[in-house]
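Take a look at the structures below.
Here chain A shows up in two complexes: once beside chain B, once beside chain C.
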Partner chain A sequence: MSNATVAPLPASKATVNDQIKYRSQAVAKPYFVAAIGLFIGQILFGLIIGLQYFKGDFLFPAIPFGTARMVHTNLLIVWLLFGFMGAGYFLIPEECERELYSPKLAIITFWVFLVAGALTIVGYLGLPYNVLAHITGNDLLPTMGRGYLEQPLITKVGIVLVALSFLFNLSMTLLSGRKTSISIVMMLGLWGLAIFFLFSFVNPNNLVLDKYFWWWVVHLWVEGVWELIMGAMLAFVLVKVTGVDREIIEKWLYLIIAMTLITGIIGTGHHYFWIGTPGYWQLLGSIFSALEPVPFFMMTVFAFNMVKRRRREHPNQAATLWALGTGVMSFLGAGVWGFLGTLSVVNYYTHGTQLTAAHGHMAFYGAYAMVVLTMISYTMPLLRGREANSAAAQKLEKTAFWVMTLAIVGITLSLTAAAVTQVSLQRLSASPLSFMETQQHIMPMYWARFGFGLCFFTGLMMYVTSFFVTGKRES
Partner chain B sequence: MSASFTKSTARNIFYGGSVFFFLIFLGLTVDTTMAVPSHNAKAQLTDAAVRGKKIWETRNCAGCHTLIGEGAFFAPELGNVYVRRGPEFIKGWMKAMPTNVPGRRQMPQFNLNDAQLDDLVAFLKYSSQINTNNWPPNIEG
Partner chain C sequence: MREQSLALIEAQPARHVPEPHIPGDLAMWFFILAELAVFGVFFLVYGVYRRQQPALFAEGQTHLDLLLPTLNTLLLIAGSACMVAAVRRFAQDRQRAARQSLLLAMVFGGGFLVCKLYELVGKFMAGISLSSNDFWMFYLSLTVFHFLHVVLGMVIVAAVWWMARDGRYGPGRLDGVETAAAYWHMVDLVWLVLFALVYVAR
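Moving on to the complex of A and B:
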């Protein structure tokens, strides 16, 4: 599409984008760009801690393991939240068939969230954690120092305000627009995300109750309401790329999320085996969490079924690949690897070992990283004014998909081998080794994990590069 | 799926199932909350242990260690370290960090004073008294 004979428009005034139905959907773009940027940061810190597993004094004392890990996990959460928010700002106007209630508020919210997130990371890296806690008001209401919820009080309050602004904006859009099942499920998931985050402010002195309600954020997010968000995003993209009747897709969506919550709510009990809670959780947690793979399996069948029954050939094949990939990888990571350690008789030996890390890596990537990347893959070409990227760009994106996905499989298998070694030497052995002695026997697996981590980073760089590949557009 | 199984059936299963199981979960939560004190009758949550918990949290101990299996998997389980090592070892260990042994995993020096160390030990003593249904399988955690 060469327009050499036409005088170019001023750089600041872009042409009207005819690929997006509502102009306000464009606010999704900065969210997706920030998500990818933070994703890169997450992987860099992942490489640091992966290296520290076998070269223990790497970057010590400048960046101790605990600090780098906190940055790694917090960046994960934040980039996924940016991804969900971008998805919400794109999806809700399109489903509701009207402009976003306030695009301006969405942009203000974006900058507040990005600056608050960046300051928090700077605080983690630049200050001793207890000093950060002291100057940010942790003495008023102690909430810090618990996994994934390490953020200072003021950051947590900021997250709530950002979430409220975001939800207000989307809810106002939904209330006066068309109400589809996809948009309602998306909103239920996002409201649930915000509501369960409020439990991050609950930190009883009693360690048992502290742990009990900590899971109301962590478990009821990733094995509860986040699956609603995931399902809605996947359904949205599948409607678009397959052209299958919305009624069929939405019926699947309801069935999947029904199974998610029917199994996943009581499934929280698989975290209540050993933390000082009554023994009945061993039975309840085992039964319900053993059923938690079911909705993820349905997600896989759903994605493949819809693509098989497609009524159109969408030129964005990369987006279709991501949609199928998230179906498969979420089932493997969350479903199969989650099941490996979920029965209480098994969990007795695997609790608190590298098996949790193995499951965590594949589940977070397969379910949430990949569904955000599915959404980005589908929407970013549209936001940039084209139905799909060039063949060359898509080829690179698809290669990046395979490199990252196979790298995660490698990371998961390495950590699973680490877990088997750890459980046999430290837990099952008649003369158990100490934790640190056991770690010495796991070093080769940690090397392998780091190698696959480098592969993952390579795949991520290919993915980022794919955004800058031009080439001939397919008509 | 057959045509008789409609979207609204699926929607009703979702809303009905979710509300039903969430209500059961709330009931179980009430029961658990009431059962926790008697289930953990041996766990003494002293004032010192409460202060120690704040030290545990504000030094991001769970960034490397597990506590009853939860946290990070870089350094040893500490839920039972009071039993495994004893109070004096713990305090001496904290004061001796970091080891600066080349290549070995390093723990920061947190510069805790004697009173803070006592509080931290009180917290670890408390955590070792929690009724974990016999987890971990052995003393090594």
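Moving on to the complex of A and C:
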């Protein structure tokens, strides 16, 4: 172990790849492949539930809505985690200027995580949830049955072990390597991710406290530490594709994460309006979360500013496009759409409506899906032994970018229209309709959303195809 | 020899023809604007709540002692003056004196933190919490949030002080010091408004 810098590469191919600086960076590749695979699964289940909104008995009783929704959201989290891990395994060695501490451990971790994830999904689909809970020991320590944290106890423990192995591997690499702002922010974010996940084991009987700590995982992930990971990944790719001075990029990164933490931590309060927590949260939550768009806006300015000041024309134009897209879409999805329902006086009417779904879709895609795709777009050609993909492949990838991004805009707008209808008929009206009556009026929007969902899937298929375009025919 | 010094002069035209520029780092100014927006919104909402419950806010303010916050105001302004002195001294390449100014700024900042902590502990001992009423909620959240900013300001000044050890700053190389000074002034400015709004205006 002490001689980690010359540790043998577990990958089977013995060919020398001169595009990556450290051979152990190659462990990122399976992570990215798995991420894309699970991404496809996530979208398929998204289509199923999108269809079930207006055709309620579709696939009944095999895959009920609740199960499919759980698979949809869990696959999202898991593929993003695969993406972050792949990014970590690529980024940390490069920034630290040394080989990964243990490439072998990274590969073992990969398989453990993949198999555990797959078994969990099989469990969701193959067993009634209560049976799954019973046989996986939920009686010992009840943690299941809460949104995003539906995983059986053994899976949760598995996630912690995988995270520890991953963090151990990267931290050991960082400790004996060059320390840069990008790698330190990345590690801070990843450690935060693991630490806040531990609150998924906290499940007090008091429902208020249960929800209170549930947000410590969900909110402090996506509106806290994940933003650090995102900032670091974006900064890393921007350093590479623009050639702008690292010092400038790192300064931006520091200020962005400072602003993220200033607004995001107390911003947790915007989930504490109506769950039985003290009244002051309405004010603190409103003020701080209203400013959460600021760091996202800074990220947009940052990305465009750096690309404008670029000192080189990187052949990987697709990666640059993804980076700029992340800047714009994260601001729109997380910033603007998040703001729409964040003030307590507004949230009083919009809470739990389709507005949350609209925001959720654009924010998750715009911030986290896109930043992982940015990283994949930049690193995958390198991992496959070329500086950038062929013009034809990049063209297809860019088309896929636009199809997917516009489809998400379509989904978001459909759901926002649904939310407006819902709020006016069900909440604002002098003679409010019931929930189910209101749903009847939203059906056209659900149809539109499903249509855009199909567009998104088409875009995703184009994206996957772009990996197999060689572009030889052109030349 | 003369040629060399001529070349040196030519290499530093900015010293002789000062062009208007934003002191410090542009990114910091974005950050300062964002910070001012946070406090600005906070102050605005304070004003709205105070308008709705003037009696409650007036009653709450009678429990606030003015002596210590006034001293704190002076401490922060003195800290700002030290930062100005530090920038000037680095511009004159007086390294030792400049670093002493930075140190003094941190001493004043530390003084602020001690006084503030004393005040806050007193309030907590008196049983005041965020849930007491709207006035105390604003009082506590505003002052604590500002307190954290003073801490951050001191961290930034400390970082500049640390990096100044090997002569990183000097004539024409003032970016880092100016950036830190700009942030300190922002924290100072916010305190002046906070002091006027929460403590003085009755």
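By definition in this document, the second predicted complex is superposed on the first by the 457 of 475 C-alpha atoms of A that agree within 3 Å, B and C clash if a C-alpha of one lies under 4 Å from a C-alpha of the other, contacts with A are read in each partner's own complex, and residues count from 1 in each chain.
The criterion applied here is as follows: a contact is a pair of C-beta atoms (placed from the backbone, for glycine too) under 8 Å apart; a residue touches a chain by one contact, two chains touch by 3 or more.
All values reported here derive from a predicted model rather than from experimental measurement.
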item: Chain B versus chain C as contact partner of A:129, first or second or both or neither; value: first
item: First (chain B), second (chain C), both or neither touched by A:332; value: neither
item: Touched partner set for A:298, first chain B, second chain C, both or neither; value: second
item: First (chain B), second (chain C), both or neither touched by A:284; value: both
item: Touched partner set for A:276, first chain B, second chain C, both or neither; value: first
item: If touched residues of chain A are counted for chain B and for chain C, the larger one; value: B
item: Chain B versus chain C as contact partner of A:257, first or second or both or neither; value: first
item: Touching partner for A:145 - first (chain B), second (chain C), both, neither; value: first
item: Shared chain A contacts, counted only where both chain B and chain C touch the same residue; value: 251-252, 255, 258, 262, 278-279, 284
item: Interface residues, chain C side, partner chain A - complex; value: 25, 27-28, 30-31, 34-35, 37-38, 41-42, 45, 130-131, 137, 141, 152
item: Residue numbers on chain A that touch chain C, as the complex places them; value: 248, 251-252, 255, 258-259, 262-263, 278-280, 283-284, 286-288, 290-291, 294-295, 298, 301
item: Chain B residues touching chain A - in the complex, by the definition given at the top; value: 1, 5-7, 10-11, 13-14, 17-18, 21-22, 24-25, 28-29, 31-33, 35-36, 39-40, 43, 45, 50, 53-54, 56-64, 66-77, 98, 100-108, 110, 126-127, 130-133, 135-141
item: Residues of chain A defined as touching chain B within the complex; value: 49, 52-53, 55-57, 60-61, 64-67, 69-70, 129-130, 133-134, 138, 142, 144-147, 150, 181, 203, 205-212, 247, 250-252, 254-255, 257-258, 261-262, 265-266, 268-269, 272-279, 281-282, 284, 348-349, 351-354, 356-357, 426-428, 432-436, 439
